[in-house]
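Below are structures written as structure tokens.
In the two assemblies presented below, chain A is common to both, partnered first by chain B and then by chain C.
For the complex of A and B:
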């Protein structure tokens, strides 16, 4: 593709997206730090089971891919996807959904908030 | 060319004429596309169900429907329909599935049916004017962008024809006769599509997904639909280890879950969709082939 064509397409894309109505809901995790969250996700090796954009090596296929997470309506097929619930779920999934394959993972409340904040930033 | 015909000057320069025509055509298309983009992006096009089409648009769409149905129904041959057991069973189907939007002699459509755009046809008139084969085709396949569903996924083949048998009688029924027939048919069942013949093909499977409304919650690879994030995306599905959070991902478990999600996971928000077992298997196979 020629440079001109690329520029034209890029320009058109910008114009169209610029005019698009916004998608709406942006969940916000109070005191959650998305940057920290990304590091915690890498540290705890969440990528063994999940595809997580931005986390190196996170290409697991055991659990669902976590791209576009903020747009998901539900967590684990049974809870509304809301910041408080997600913060609890990432720490202790089995207590909320006993039939899930996701284990409880040791982490602090703050780390859970950071993870939730990062997932919502995707 | 006889000598008395005056040759215009451009005859000698065919290339110039072609260049002019092509440039003009391209300019026209670009201009049209630009106009369409402006209308679309400015939000000027109303999608409200209170904004009717222009009269000419409405007439054109009507005509388009008729030509399309005529062409599609040309190979269909109606069975004998004028038999009491057929139109009586058809009356049961009509009362259960059709009267809500189409109304019936002396009976208005329900709330859901009244404000629709386009409005559902009054079938007493359709049945007067359309041959049985057309009625069958529209009932079976539905009408795109009109709200008319495809009943082949909800009614057996026999019930479809029974419904048409009832429709052919509809124009001749008085209010009292309809009430009587409808009351009598209340004891009859409209047979569901459970036993309907299934042909498995990739295109057919995509239709099956859509006909159970799967794509209203799931993004499904190869199936065009809304960008829905209600349920998990069904892409690259063969790589998934688990389904519904806990079951090993294989054909038998997928079929089980599709047929009765709550039997597998009582709290799952996925509803039971009364999927015919053959359809569930078709879906499972399709998903497990997604690389």
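For the complex of A and C:
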């Protein structure tokens, strides 16, 4: 390989590196247990409405797919994707977004935190 | 909440016909294993023993003809006796004698239903169960329900099973054997248990694409609770009081829901889908597929074709998000 070619490849590599998203802020829920969260998602059958990777049978199309959720910018198109807000939203969406189709689901604060933790682990 | 039992023939409910079936199964498994071991032992003996037995002929006649004939005859009569005791179809004197030979008192287990026995009609449909109670009590005549049976404990209950479309089979392994649901025919099954709890059952005859998702729960309860429940089920739905539930009621009535579903006490009188008068009190949605809470209710209404593709209920596409929530909340309030 000629020196010019090597330089060209090196340059291309640097350009492609520039195209990649920077390793930035990744939300996580300190008190939440992602493994528990997955069980809660399965137990409450959230998969009726959502595609949730890792939860068996979760392939609903009523609500948004939740893969790679940590990279979403907004929750429900209106709130910043922040752990505390997500924890509130999974439990009681209608109080935050009155037109939403997602009902308030009965669960404990801890379960909501676990669910948020799992969604951020995807 | 009562205990939910494992759906298995190896977990038969005490006092049920399934208990006799489990005993029969055990006799067969253990007996077959013993015979296998003995035959293999004899085989090894024949291969490795140098001595030629003078009594080979006796072994052939004894082990090859007499033993199987006797064993099979005993097992056949035993299994026939169990079958009769389980279905309680017949209790002629000759049969009674045979049952007693095997220590089975068919009358003690499942007495032939007396006049006044609780009778439940169950009609299999693709892919759900239409249930209709016909209690002797005049007030409780003809209570239509769906996808869930409740029975009083320690009381024989007569199920009259049939089909509205193709062949299905009613099977609650912990309570009784399978009984086919055949179009144009009504089969009879008597179930009974002495243990309260929730027993799962499912369709046991391939009946189309969603056969695997055609399940139901049988809830056995003490007698008083059962009759309180049945009296409540006979009542029409209460009118919604709060404005949110009212908007759910309106969404139901304005949508296409009443074309197929009945909610007694309202103008909704469709009959091709399950009766929803008390759907909020059931353990499952979509015939044993989903747990019953407001989230699964909303998801099932909006995405029934995702959950159970090909079922007759179309996805609801006309409700706004808040209408869908209100609709689910209203249905959940119908207990």
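What we mean here is this: the second predicted complex is superposed on the first by the 99 of 122 C-alpha atoms of A that agree within 3 Å, B and C clash if a C-alpha of one lies under 4 Å from a C-alpha of the other, contacts with A are read in each partner's own complex, and residues count from 1 in each chain.
In this text, a residue touches a chain if its C-beta (ideal position, glycine included) is under 8 Å from a C-beta of that chain, and two chains touch if they have at least 3 such contacts.
Because the structure is predicted, anything quoted here is derived from the model rather than measured.
K.L.:
Name the contact category of A:101: first (chain B only), second (chain C only), both, or neither.
P.N.:
both
K.L.:
Classify the contacts of A:61 with the two partner chains as first (chain B alone), second (chain C alone), both, or neither.
P.N.:
Touch partners of A:61: chain B and chain C.
K.L.:
Quick one: is A:46 in contact with chain B, with chain C, with both, or with neither? Answer first, second, both or neither.
P.N.:
A:46: touches chain C, not chain B.
K.L.:
Is A:3 touching the first partner chain B, the second partner chain C, both, or neither of them?
P.N.:
neither
K.L.:
After the superposition on A, what does A:73 contact: first (chain B), second (chain C), both or neither?
P.N.:
After superposing on A, A:73 lies in contact with chain B but is clear of chain C.
K.L.:
Name the residues of chain A shared by its contacts with chain B and its contacts with chain C.
P.N.:
After superposing on chain A, chain A residues 61-62, 99-102 contact both chain B and chain C.
K.L.:
Where on chain C does chain A make contact in their complex?
P.N.:
Residue list for chain C touching chain A: 290-291, 293-296, 298-300, 302-303, 306-307, 320-322, 324-325, 328-329.
K.L.:
What residues on chain B touch chain A, complex-wise?
P.N.:
Counting only chain B, the residues touching chain A are 41, 227, 229-233, 236, 239-242, 244-246, 265, 267-270.
K.L.:
Over in the complex, which chain A residues touch chain C? Could you list them?
P.N.:
So the residues of chain A touching chain C come out as 44-46, 48-49, 59-62, 94, 98-106.
K.L.:
For a test of understanding, state which residues of chain A touch chain B in their complex under the given definition.
P.N.:
Chain A residues touching chain B: 16, 19, 61-65, 68, 71-74, 76-78, 97, 99-102.
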